[in-house]
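This is the structure I want to talk about, given as structure tokens.
Order of writing sets the labels: A, B and C. Residues in every chain begin at 1.
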Amino acid sequence: MPDKHGLLKAYRKMREIREFEERLHVENTTGEIPGFLHLYTGQEAIAVGVCEHLTDRDYIGSTHRGHGHCIAKGCDLNGMMAEIYGKETGLCRGKGGSMHIADLERGMLGANAIVGGAPPLAVGAALSAKTLETGGVAVSFTGDGGSNQGLVFEAMNMAVVLQLPVIFVFENNGYGEGTGHDYAVGSRDIAGRAAGFGLPAVKVDGTDFFAVYGAMETAVARARSRQGPSVIEAVAMRWHGHYEGDAMLYRAVGEVAELRANHDPLALFLKRVEGVIPQEDIDAVDREVAQAIDEAVARARAANPPAADQVFTDVYVDY
Amino acid sequence: MSIKSFREALNEALWQEMERDHRVVLMGEDIRGGNGGSAGEVEAYGGVLGVTKGLWSRFGSSRVIDTPITESALLGMAAGSAVTGLRPVADLMFMDFFGVSHDMLYNQAAKFRYMFGGKARTPMVVRGMIGAGYGAGAQHSQSPYNIFATTPGLKVVVPSSPYDAKGLLIQAIRDDDPVVFCEHKTLYKLEGEVPDEPYTIPFGTARYTREGDDVTIIALAAMVQQANIVADKLAAEGISVEVVDPRTISPLDEQSILESVEWTGRVVIVDESAARVGFAHDVAALIASRGFHALKAPIELVTPPHTPVPFAPSLEQAWVPNAARIEAAVRKVLEA
Amino acid sequence: MSIRPIEVPKWGLTMEEGTLSRWLIEAGQPFSKGDELCEIETSKIANALEAPFDGVLRRILVQPGVTLPVGALLAVAAPTEVDDAAIDAWLAARQGAAPVPMSTTDAVAPAPAAAMPERRVVSVNPAPQGLPAGAGVPAALRGQTTDSVSATSHALRLAQREEIDLSRVCGSGRDGRISVADIEQAVQAAGGQLLMQNPSRPSVERGDDSAVAATPIARRLARSGGIDLRDCRATGSRGRVCRADVEALMGRAGASAAAGQPAGQESGRFEQPMSAMRRTIAARLQSSKQQAPHYRVCMDMDLEGLLELKDTLNRAAPALKLSVNDLMIKAAAHALMAVPQLNAQYDAQRQVVTRFADADIAVAVAIDGGLITPIIPAANRRSLAEISDMMRDLVTRAQAGTLRPSEFQGGSFSISNLGMYGVSQFDAIINPPQVAILAMGAAEQRAVVRDGEICARRQLTVSLSSDHRVIDGALAATFLCELRRLVETPALLMV
């Protein structure tokens, strides 16, 4: 388990994700933000529990619901916000948007709009790490919806066959778009099914930071010591719709309210660290984070959109 | 310099690049062959038609990786490793298989650099066989390079000779963008002079296999030989035919194509890939919009019919464009 | 009688032939289906041929090391009761289908195909008609492309045709590759003009294109430029070939194609783009005047004797129809034999003067839109009748635009005559690379002083322009002296 410093750092990250996403939820209604938004609220403990074991030399591949992973991996909040607003100061210079935010220097291979897209890419990153002996590992995040994709199975098999240092994290947030996981995942057990591919697979409570952290500790140790890949299924319901604007007619009335009241990962975390971390430290983090988010939004609003000639740039390295 | 087959030229290119750069890693199905078989550690295949033979023996399992038959994961692994430091050469075996793997090339590798604002580099090569003529049937005889070429972010290479094959493959491996390298299966045994040392051929440079004044034939891969046959036959009649082999269709050497058209004013384009929305149509549009004033006759296209590739040899021969059809098109364009 | 063949099998899609490496069974031995009979090697694998049936191996036909195509006969199996004669007969019957062994080496060697970058030129058409190569190329770009330059195939060919040194052209393509467009731009920037004509095969035999709808200007231009109207696009009004279409074929007409027909009378003037011929003449003569230090030497010549000879000959043989010009050509040719230094060409780049044994005299002829200089080759060895006939023919064909390049390219000396316009004297510009040109004025009645008395004599004035790099004044004067001697004593032309 992390020490006090580590715990506070983890809390800060989770708070950043929470405030970032909640702010977007509000700002999106102004109409200023182009395109789709997929918010991560309710799943913060998974991203942070996993990424606290990773450094810049480790790679993660994400989903369309990738803001949480980006922040947990250390991507710059201002750059992220500007990218979501489609401005030239964005992490991808406004060329990618919310679903493609990436920062390779931080080991973030990008949010991915193709469901199930991350696992094969993470396998590739793991192959690089193994071949070039960097000591790094690769992590892919996939939802319960994505867990059924063929290429996800292919990726797991490949990782086992080649014994690669990759961890497949499945975030079971209850729904794949508008369909419950209990319908779409035939075996009703993502981890159990994954275990059939020949790698260790555990299932944890995704709202419990410590459970996720612990499972990831084991998996990372395995990977770094060349014992091969692992699977972690972390269960934590999402609080918002599949996308912003989703009426969520597939959810029972009161379901989200109940989640907010009883399954808030941050509240659960704070309860666990009560007495370990002073309240004023928590309050300070809350204040700093709120300010940082304000600043990110203000900067994003003020920044310029990319110039028209940027349409043509960076298709190739050279042509 | 020595005589090598197209296959040997490719093998040599891979060998020399793997020697030069430890980051070049091959991956594919049975590029070595023999993993897990009862015969033990042998190099059972070296690629379905032998292109990668000998490489595993020299470089070992960490650089010549046999994968299960999972093309999505294969190309995904190639894309992910390319963007994180390796220079993978993935063997898709038959380009017809792009159907089961294409997202990793189409939506991922091709778009990383653009979507991530110029911060990604994806130096991967996907090699695979194209072309009809061996009775391999509808699902193993196609040439989908036109589909790859429409995707911005991919480069597409289609060599027609052993010399071009080696130079272009080395170039592809050294290139920092995703390259789809299409090898016509009937060309593997074609022999020609190939330098023994490594060399590159820049992308986007066409080669004229015949220079002439009366008609231009634009052709790719196996069709280049057919065009040469026609050119040589017609030369005896005093008809002077120029044959242009673009070699790479993305980037495309538009200038060499247009210069030839401006010189002769008459064009025949022969392309095995598609009856519609193909390479031939792309080049025809280029000529019609930028070389129109030079044309003395309508552009002639020689393509297969809009059908899958048939199996029976008699039907397959009727399907693939051949010298007779090209010659007929040339004569037609001269009389127009 | 079940004689059965053992044949080379097809293993795999691309196998076309195999090499027998060794037999695993001897003739006379029985075998069962599935037994290994022999080992065969292909370019990809070595494998054993399994017997496809039960039998007795009776005749081995192929020895180890031989390569045969798929389906070829390796051996014959038959029951022991079948005798050898029957097997022989069976083999003979099959002989037609039996392919010849391809080689006896181990390696499978497919027929070698074409070698490395072959770039064969299939051009079988004659050299382009029209004006000489490189005519419009400025000196700054002239030369041979020696080093390997990155250039497109057509750029290299154009450079060769027009004698352009590509090291002086800037390439705008990939890695500085030079294109045809780059060369055009460089030539234009240096004040020149390219004449790029593809001697492409005409649709039908060159001859009568009168059926093609064309504007009158286009027709005349096509005729004088040697263009067949059927090779032109027709973008003019009412579907006719217009001037721009003909010019497009004659050379890159650039401005003229855009300008089209002259607009009209808004301010009493209209622009007329220069034709290709005009531009060539302009370029050549400007270059001549600038490069060669011209100086002129004039002399008056008494024509009484010459004119009397002409009249005598024309009366005696009316078919002759000699002209003063014909006689002057012959006189000049003889004078050049006496003063051969003027019968020469000068190559400034190589600093070499080329002298000629015969006088190939080029005579300036005015044609529609310009002028051309058809040549009387070896005029010194031709009779007056020949010279006269040739001149008539050359002038006719010059005006019809049907001269062949060899008929107007070259020449060792030129004559220009404006006498028919009443011009008394003028100075001509040297026709490069020649070193001199003789300009003749009109034969006129003049008042001259002879033996102290004024009398009327028919005379003409000639002006010799010479290139002082090669010809000094005394030499020029000597030539004119000799010319006058011949002109004033024309009987000498018979010697």
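Just so we're on the same page, a residue touches a chain if its C-beta (ideal position, glycine included) is under 8 Å from a C-beta of that chain, and two chains touch if they have at least 3 such contacts.
What you are looking at is a predicted structure, and each value in this text was computed from that prediction instead of being measured.
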item: Apart from subunit C, which chains still form joined groups through touching; value: one piece
item: Chain whose Cα centroid lies at the greatest distance from that of subunit C; value: A
item: Top chain pair, ranked by number of contacting C-beta pairs; value: A-B
item: Between subunit A and subunit B, centroid-to-centroid distance (C-alpha), Å; value: 39
item: Separation of subunit B from subunit C, taking each centre as the mean of its C-alpha atoms, in whole Å; value: 37
item: Euclidean distance of C-alpha centroids - subunit A vs subunit C, Å; value: 72
item: Residue list for subunit B, restricted to those that touch at least two other chains; value: 204
item: Residue numbers on subunit B that touch subunit A, as the complex places them; value: 23, 25, 62-63, 65, 67-68, 70, 72-86, 88, 103-104, 107-108, 112-121, 152-153, 155, 175-177, 204, 251
item: Of all residues in subunit A, those that touch subunit B in their complex; value: 59, 61, 90-96, 100, 102-105, 109-110, 112-114, 117, 119-132, 134, 138, 150-151, 154-155, 157-158, 161-162, 313-319
item: Of all residues in subunit B, those that touch subunit C in their complex; value: 1, 3, 5, 49-50, 134-136, 161-163, 185, 188-194, 202, 204-205, 207-214, 225, 228, 231-232, 234-235, 238-242, 255-256, 259-260, 262-265, 293, 296, 334-335
item: Residue ranges of subunit C in contact with subunit B within the complex; value: 13-14, 43-44, 110, 112-125, 152-155, 157, 173-175, 177, 179-181, 198-201, 203, 231, 233, 248
